[in-house]
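These notes open a run of structures that come right after.
What follows is a pair of complexes built around subunit A, which joins subunit B in one and subunit C in the other.
Up next, the complex of A and B:
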């Protein structure tokens, strides 16, 4: 056991506490806002703790009625789920073979990946006008599918990059051994490479999903109504009227956070890396 | 059980030729060790046999059948990698059975084969563990077991012991030898460790810069190295090289060592050397040669050594004595050359003085200093 300076220990705990406060306070405030009455949120000085717990906004957002906030919100939730799922699955589908090929081929082929990743560095503003015209020409604006395709173009380089470094960590000798053992490429992938890359696949998938889930700029410009609007746009709409109900925005935020949190919760196990140790020396 | 033949194997990477025409012929059940320092092409050659690398030129035959165009999985070979390359996500049993599973062997047969191999390698108690929960030696056994379970025609080993600690390496070496004696399968084994090569091989191919320097049985390589490189590479401490000129003196042919502080010594060749290559030796009289003598062939001279015709005696200064327990290594100064002698403990009490030594010339080698090739 290493000898610890009590002050150092204190300092470490203090930092951890500050970080936790910094990260959790906004979430806590969002939760409080979502259950406070409008009066409590608009009095000056501000009332930090609500007098009544008020769930009516949750009911409002989760009930479907003609032309209600709930209808718009649930439609956008559905759109977001569809867009993010399609874009994420598409990204993994493109990234797995791409990353594997780049990782397993020497030298010059890697330049291709650098070039692709370089496009990721471009600011969205640079691409939005050509993309808009392209989608307009194809008659594909305001569609969940085309938004997913646009997201795929952002997510694929990023997931490929992430998976490549994970494939790099799987010794090629393991795959060669499997090849000599008689496994076909698809069997090698299914039985060895992909299970070993599991944590990276989960991480890559989760990050891709979150990026697609949170994306605002493209969604704002390429969607027009409930058929394709995603959550970030729908939440912005809540703030766009003459009267902004901050509580309603907070409630939408809380509800919008639920799917990613659930996914993260279920992926938790595979996110914990360290599966590859032991196959080779060391 | 199979013969293995390599014919004119060449491998070029762009302008660089890493293998410059390798010809080797192995009989059934041989244990071939490819020996050389890193970059000599030994691993490339092994990978060519395995089918992981395609040769630029040449042919590989197993039992007389060319396998150069055959996919690795259909070559009926098994390979043990330096890093073991176990499948980390599978239990030991699954690791062992993977090759059979991929070949569609029924589960019951697979189970029997796994248990049999596990019993031979004494890893039957580890079958349910994952590789991460095994020690280095255990992983090594699993890797060997995975190769054994398919009962291949040829085993390929790529520096399998280099990741083990010294003690375990010696143990596993013995076990590998036992295993080979028991299975009798043809083995090709790559290493840079000359002790491994000497102890395991039925024949050694010493490689350098993509060329086989010598392909012979271990003892033959040790006693009659084909050139200076091989002579230097094999043996620890290494062979002594005495630079001098071939002379005829008093009717005997011998080496006159280069003059040093102690003066020149004349070491007459033994009859065995002369008979072997008479013409070659005659042609080199009065020209420079290099005499190679193994440390253990140098002994302290006494009254009985003086009479033996194959022993050449010389006087040398004793510079350092290094006792290793079983014997004492003496560093001697003979003319311009340094000579290591493997002496008995107690032969000499202390370094510093001069003493008379005798070298067994019947076990000596003679090299051409220009080409480095063996004369006799």
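Up next, the complex of A and C:
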């Protein structure tokens, strides 16, 4: 192996340090803001390190009291969890048979997949007005369930595409052998395909969950109060509203970021497949 | 056999027809009328909405702002992503940690990212102002998001910070797929760093990098969240993109028909970009 030039090695380490700082500084600052006193955050020159660490905002946001910031925040977290879970399960329910079908049968089903892939990349503004009309007519605005159904328009195509490539990696011969032995399709699925695809299903589900957790546009338009507002909408309210405690806004941001960041680290190994499938919103 | 595979596909196709196909068709229909958001009489207008939109100088300003956002953000994400990937492909202490840190911006919810940068840019007490004043780069606090000259760039920086890791991670995976023997052979043959990059690494890199960039262009073109949270399209419309314009026309001004026609123009541009993306994927054999 080629011996490293010490200057080159120094340069590489320096660049790596700069990159790490660039990645970490904004998040670190949000964390510091969340535990600094309001006084420390509103002085000039700014105090970078808080004089004492103050967790009261975490307590405030995580305890329920009548008409408090915590009540609204916890309600939105509950709504986000409910919407993301329902939408993810619904997406898997239609994506598993759909993806399997496309993976196993060449031909026109693939064209159907192209169509699905292409349509889900369309801007949401192209669908939002009719969806609003329909939900209003059905009296279904401001509902966690309706929002989950709308989210299927993003999650179902995405999950189908991701699962299709996972099914492609499961040798068809195993399924054929079982079929020759007289197994029915539901038996093949339960005993062979789904167990083999287990990790891929989990990954697909987590990616779908992240997409739903992140969604803002539909949530902003289709929800109105604590019964359905999701975390992104609640945080945007805080950031754009009357709240003058910057630390409280930072704390809400930190809390909303914890689940997706944990999932992100967990997904590290399978990230590339999800990223190229378009597992991010602009 | 074929019937069964269509039956398995049916729930997905039915759902897509119901929540994508139908609304899209309805948007097309609405855009030829004067429909209001809250109901009332609806009249057929023919192409009047489109004529009105395409005759308004303000529309072209919004389109230009969108294009600038796409070019600046995606351009910087491409450059920074490529450099970070080349760096992470080197051997150094702590490589695993830096690679893991790349996940952080990507995983941070878009609205949290926008809120975080809004706090950082705060005109009265923000860290950006504090840092640059304390090191002497600026002499007075500024309203980075409140001035038409700087707002779009400030948003772009926030967007680049969140999205360059996506490009970097895709490029890094491509770099690591270059066979070791090939790199070693090029070194033995005496190829310099630049010709090694061009002849050995670039062929492996170009495909995935194109996918990543086109994907980012499609996403950046429909940008709404980050701008809505940071500036709502202001100040003086300097950060107003097409998605924000549709939102304002259809929901703030309740002109569903006019909003629909702008959305439709946007769909046509998006469709071109998506067609390009699907063509690239097919060429690379990703969509078999």
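As a convention for this text, the second predicted complex is superposed on the first by the 229 of 282 C-alpha atoms of A that agree within 3 Å, B and C clash if a C-alpha of one lies under 4 Å from a C-alpha of the other, contacts with A are read in each partner's own complex, and residues count from 1 in each chain.
Convention: a contact is a pair of C-beta atoms (placed from the backbone, for glycine too) under 8 Å apart; a residue touches a chain by one contact, two chains touch by 3 or more.
None of the values given here were measured: they were computed from a predicted structure.
Look at A:33: by the touch rule set out above, it reaches subunit C but stays clear of subunit B. Of the two partner chains placed by the overlay, only subunit B lies in contact with A:195; subunit C stays clear of it.
With both structures placed on the common chain, the touch criterion links A:139 to neither subunit B nor subunit C.
Here subunit B and subunit C are compared by how many residues of subunit A each touches, and C touches more. By the touch criterion defined above, A:182 reaches subunit B but does not reach subunit C. Shared-chain residue A:263: touches subunit C; no touch with subunit B. Subunit A residues in contact with subunit B (one complex) as well as with subunit C (other complex) are 275-276, 278, 280-281.
Here subunit A touches subunit C in the complex through residues 2, 4, 9, 12-13, 15-16, 19-20, 22-24, 26-27, 29-30, 33, 41-46, 48, 93-95, 97-98, 100-102, 104-105, 107, 109-110, 112-114, 116-134, 149-150, 152-153, 156-157, 160, 168, 185, 210, 213-214, 216-217, 220-221, 231-232, 235-236, 238-240, 246, 249-250, 252-253, 256-257, 260-261, 263-265, 268, 271-272, 275-276, 278, 280-282, going by the rule given at the top. The touching residues of subunit C, counted against subunit A in their complex, run 1-2, 4-6, 8-9, 11-13, 15-16, 19-24, 26-27, 30, 37, 84, 87, 90-95, 97-98, 100-112, 114-120, 122, 124-125, 127, 130, 133-134, 141, 159, 161, 163, 165-166, 169-170, 173, 187, 208, 211-212, 215-216, 218-226, 228-229, 232, 242-243, 246-247, 250-251, 256, 259-260, 263-264, 266-267, 270-271, 274-275, 277-278, 286-288. Those residues of subunit A that touch subunit B in the shared complex are 171, 173-174, 176-183, 187, 191-192, 195-196, 275-281.
Within the complex formed with subunit A, the residues of subunit B that make contact are 50-52, 72-73, 77-79, 81-89, 98-99, 102-103, 130-134, 136, 139, 146, 150, 163.
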